[in-house]
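Consider the two complexes below, in which subunit A is the common component and subunit B and subunit C are the respective partners.
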Partner chain A sequence: MDPARSLGPAQIDVFAQLAVSTILLGGIYALIAVGLTLIYGIMRVVNFAHGEFLMLGMYLAFWAFTLWSLDPWFVLFVSIPLFFVIGLITYALVMKGVVRASHNVQVFTTVGLSTVLQNLALVLWSGDFHTVRPWHSLRATRVLGTAFNLSQVVAFVVAIVLTVALVAFMRLTHTGRVMRATAQDHDAAVLMGIDTERVYRLTFALGIAAVGAAGVLVSPLYAVYPTAGLQFVLLSYVIVVLGGLGDMGGALVGSLIVATVEVAGSYIFGTAWKEIFYFILFIGVLVFRPAGLFGQRGAETLGM
Partner chain B sequence: MARAKEVGLQVVGAVEYYNFQTINDMTPIIVKLKQLNPDVVHHIAYTNDAPLFWRQAREQNFLFKALVHAGATGYGGSDFGKAVGNDGNGVFALLEPGPGFKIEALKPEGQKIEKDFRDAIQKRTGSYPLGAHQLAGGGLWLLKIVLDKAQSDDPDKFRTAVLSLDMPVGTMINGWGVKFNETGQNANERVQHYMLQWQNGQLVTVWPEEFTTNRAKWIPLGPWDQRK
Partner chain C sequence: MTATLARHRGALLLFAVAALIPIGVRDAYFLDSLVLILLWGALSAAWNVAGGYAGQVSIGHAAFFGIGAYSAALLGTRWQQSPWLGMLIGVLLSLGAGGIIGYLSNRLRGPYFTLSTIAFSQVLLIVASRWRAFTAGSEGLPVPFRPGFATLGLGHVAWVYVALVVAVLYWSIAVWLERSRFGYRLAGVREDEDAAQALGIPARRLKVIAITASAALTSVCGTLWAQYVGFVDPFYVFSIDLSVRFALNAIIGGLGTALGPFLGSILITSLETYLRAALSGVKSGFTGIYLIVYGLVLILVVRFVPEGLSGLAARLWARRSRSAA
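Up next is the complex of A and B:
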């Protein structure tokens, strides 16, 4: 008999464990999705190379750990400014020319960038799988019959802090207001004297810094290889659409929803079902609430 | 499943998943398996999911007597050892022979080709040939034998040469013999299986005992922190 179909006292521990796993997995997804939704929200560009920047973050953690024995938690502080600069450079070299172009051009450009980065990683570092094993990656903490992985707990906490910080930045600072104004109406923003070019550059760099940091934080949990980003990025698109394009708080909630569907679906119906469930959810949201669960109706066409 | 019953194995459950490359959390599977309480876990895995399963099984303190894998991926690949190190101690993989393999158990021609091949691989990669290396190398060597015999690439002559092969167990790089039947398959009795086990970061041959200097350990597997 399938244990998922029986209910009893033993199921309480199982339920608690699955809830913990869901929240921690949701944290990882949120960490990855928040940069994607930021870039989409302000620039209206879907960055198909997002997963590859995640992969680069994972390689940064791998090399720092292998060459200098640096813990990913330390590398995190280096990765944020480093990936901010990588974001600025990528913007100047690649995105600048297409930010006002048609969506087709943007899609081809970012997909092309994704392929270039994957193959660059393949040429530079080969297709071998690598692992980062700091002390905390194998450390399980047990509380009331549930187990937490320490690396995953920290990734979750950083995801929350990062999301809250970005939301606060967007709502409370002058720069944030300028960014939101640019997203709402590019032309009016220009007329108000906003340097929208600078806003786009900053947005892209912030989004890349966030995903680079995410890559460093997930490196102790998953194998590092040139197409590692693909493992998460498809999910991130689902999350971003669920939460409302450009809505960072929504991305956090969307991540938890996707993680719930994944963990519960996997336990109750079998792992093979989980992708069916969240893509049904994805299609359902697109049909009934195209602006996402929390987005405003019509927001999806803003600036297009 | 039916075959398992025939040989007297009780199957307590089966979990299927196909997204072996994109699976990010195996806890739901492990929690379910834990409730089924199996003696042996037979997990066919790939590069991503084997270390993930092992790490999360440890986190969940999922205890079983043995894990057996088959094939050169997942637990049968060198990446598993790199990913988990000594924490991987005890895992079994049905595979081509690894360290500890006694080449004296092979026929003289098998010994020569096995040694030449292993030396070449070690010179090139610095490590013992693993998993599919011997199988692929053996296949290529067999092609050379057939071409030498046929002296032609004519399909009929080639086929005749293939079917006329009759090499006993212990003549190929991996210790197999060769005798193809009418359907073009190598006869089962010429195929020699080996069981390997992860022991202190290395996948070593542990069975059949006449082919190896190593012995299987950690049966049944003890608590997670006592597999040293």
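Up next is the complex of A and C:
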């Protein structure tokens, strides 16, 4: 998996390799987590089906590559509008009715959605593991004595561009301001004439578009199968809680922390145990800083 | 006494029917469904103590189920001990684990609490599936069948009665919760934790007690299930899907009601049995289609019947008596 292992220690500066690994991984995690935190920040809904949209993105890339030999880089451009529409449809069919409901209703609605999507994939495409191997996943890029496959580098760059674009959209545009206003005070936003329904619809669609694009980007790097989203979604919970649920800038930092823990943990203790480190980190954060590393104290006891 | 009997006539009728079925019916397939209905119902009743009565919605209860399943299976295969001893050890471990989880995630509310329970169950999944030397790792652990009550190597009829005893016991605990001071205080914490605390109710302590008790009850069923099915697969016993299943029955039947989890279990377990038979010829496998239906049921129920089957029945009953009057 890790190109560093096959090249041997003599050729590569281990720490440089680990550092670049961490950054590349962190960028991809950021794009996955940013949609989750956006949806939570504006709608106050933890989307337990987030990983399933990632999985659908991976399948989109897989089928496009297998049936029409389309490169995931090309599919990326199609995936963003496509997943935006999928987000709109999901919102209309499933989320619209529960956006103002209790936490329990929201949790179980999205959990139910996750079960449906996972098993739809299982029925339609079987449980087999698939891989997407475009030319760039087989080509190594060497920088400063480190080596990476090109897919990983491009996935990182695109993920960072998309994440920054999304953050900029939220901070700088009028629509972004309207969305943030709705998150801060729904009732006041309604009184100011904001169509909050439209805000929620847009938020959900943007979040899904981001994670769908992330699915396409990671498809050359990970196996594609119906529950492929699970490992990533658990990870993105860790990231968004670290960064403060709903805090998009925090999600970027959280991604880097989780990537550091994962890379350092696998290097020191072996890959078999790597997940346990971020769950322990997660539990530690929930216990000691539940509002996130930079969050407002007390947010967690409000269930915010 | 008669008033109590009258109030619970539905539940009593249900359990009486379950007790009578094995006398007339010897069909192994049917009895198997009955055992599973009772066990899944009891598991959801155990989940309901924390999720329904205390409002501590967990999607990590598979952790305690797995602890119960593994304790007995490991003691049985490695040290040839009775599953009853394994059940006891599982309960002790689950009390510890439930206490730790309850204590640590005490301050957390809403989705934060739910996320922390998932994290705990995932840690146990990783340990069980990777610690090959002790747990046999991801291959899972077969539980040897040794006939006799002491080793829980029982026939279908005996299993029905074992499951029935557990089901009635758990149902009684729920009935007690609905009528006791402890239960009222839990409901207070669930409805408004801050108000409850202002009234002098030790909310955090009660939540820890609720989740610890719920953990121990879940663990007992985990042991029974492993002995009944005969195999412990870490990716099943610690799965999020399983945790969701516990919650699902309770939600469909009615959150925070004594009978609800059993009604939910009857519906969901029968649906599973029916679909398994109906779709046995489908190539892509029954599990996927069954789980799609199950996910849809979950989405539709929380949206349109949030009070569950027992709430729906009560509503229809009230309407009927009103129109009769």
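Things to note:
Keep this in mind: the second predicted complex is superposed on the first by the 275 of 304 C-alpha atoms of A that agree within 3 Å, B and C clash if a C-alpha of one lies under 4 Å from a C-alpha of the other, contacts with A are read in each partner's own complex, and residues count from 1 in each chain.
To be clear about the criterion, a contact is a pair of C-beta atoms (placed from the backbone, for glycine too) under 8 Å apart; a residue touches a chain by one contact, two chains touch by 3 or more.
This is a predicted model, so every value here is computed, not measured.
Once the two complexes are laid over each other on the shared chain, residue contacts for A:Ile283 go to subunit C alone; subunit B is not touched.
Of the two partner chains placed by the overlay, neither subunit B nor subunit C lies in contact with A:Ser219.
For subunit A, the partner touching the most residues, choosing from subunit B and subunit C, is C. In the superposed model, A:Gly97 lies in contact with subunit C only, and not with subunit B. Contacts of A:Val111 after superposition: subunit C is touched, whereas subunit B is not reached. Legend: residue contacts after superposition of the two complexes on their common chain; A:Ala272 is shown touching both subunit B and subunit C. Looking at the shared chain after the overlay, A:Tyr237 reaches subunit C, while subunit B stays out of its contact range. Of the two partner chains, subunit B is the only one that A:Leu25 touches; subunit C does not reach it. Judged by the touch definition given at the top, the superposed model places A:Ala147 against subunit B, while subunit C stays out of reach.
The contact surfaces that subunit B and subunit C form on subunit A in the two complexes overlap at residues 230, 234, 272, 275. By the touch criterion stated above, subunit A contacts subunit C in their complex at residues 40, 46, 94, 97-98, 101, 103-109, 111-116, 118-120, 122-124, 126, 230, 234, 237-238, 241, 245, 272-273, 275-276, 279-280, 282-283, 286-287, 290, 300-304. Across the complex, subunit A meets subunit B through its residues 2-4, 10, 14, 17-18, 21, 25, 28, 128-131, 133, 137-138, 140, 147, 149, 222-223, 230-232, 234, 259, 262-264, 266-267, 270-272, 274-275. Every residue of subunit B that touches subunit A in the complex is listed here, in rising order: 13, 15-19, 21-25, 27-29, 31-32, 35-36, 47-48, 51-52, 55-56, 58-61, 79, 82-85, 87. Only residues 57, 59, 104-105, 107-112, 114-116, 118-120, 122-123, 126-127, 130, 240-241, 244, 247-248, 251, 255, 284-285, 287-289, 291-292, 294-299, 302-303, 306 of subunit C touch subunit A when the two sit together in their complex.
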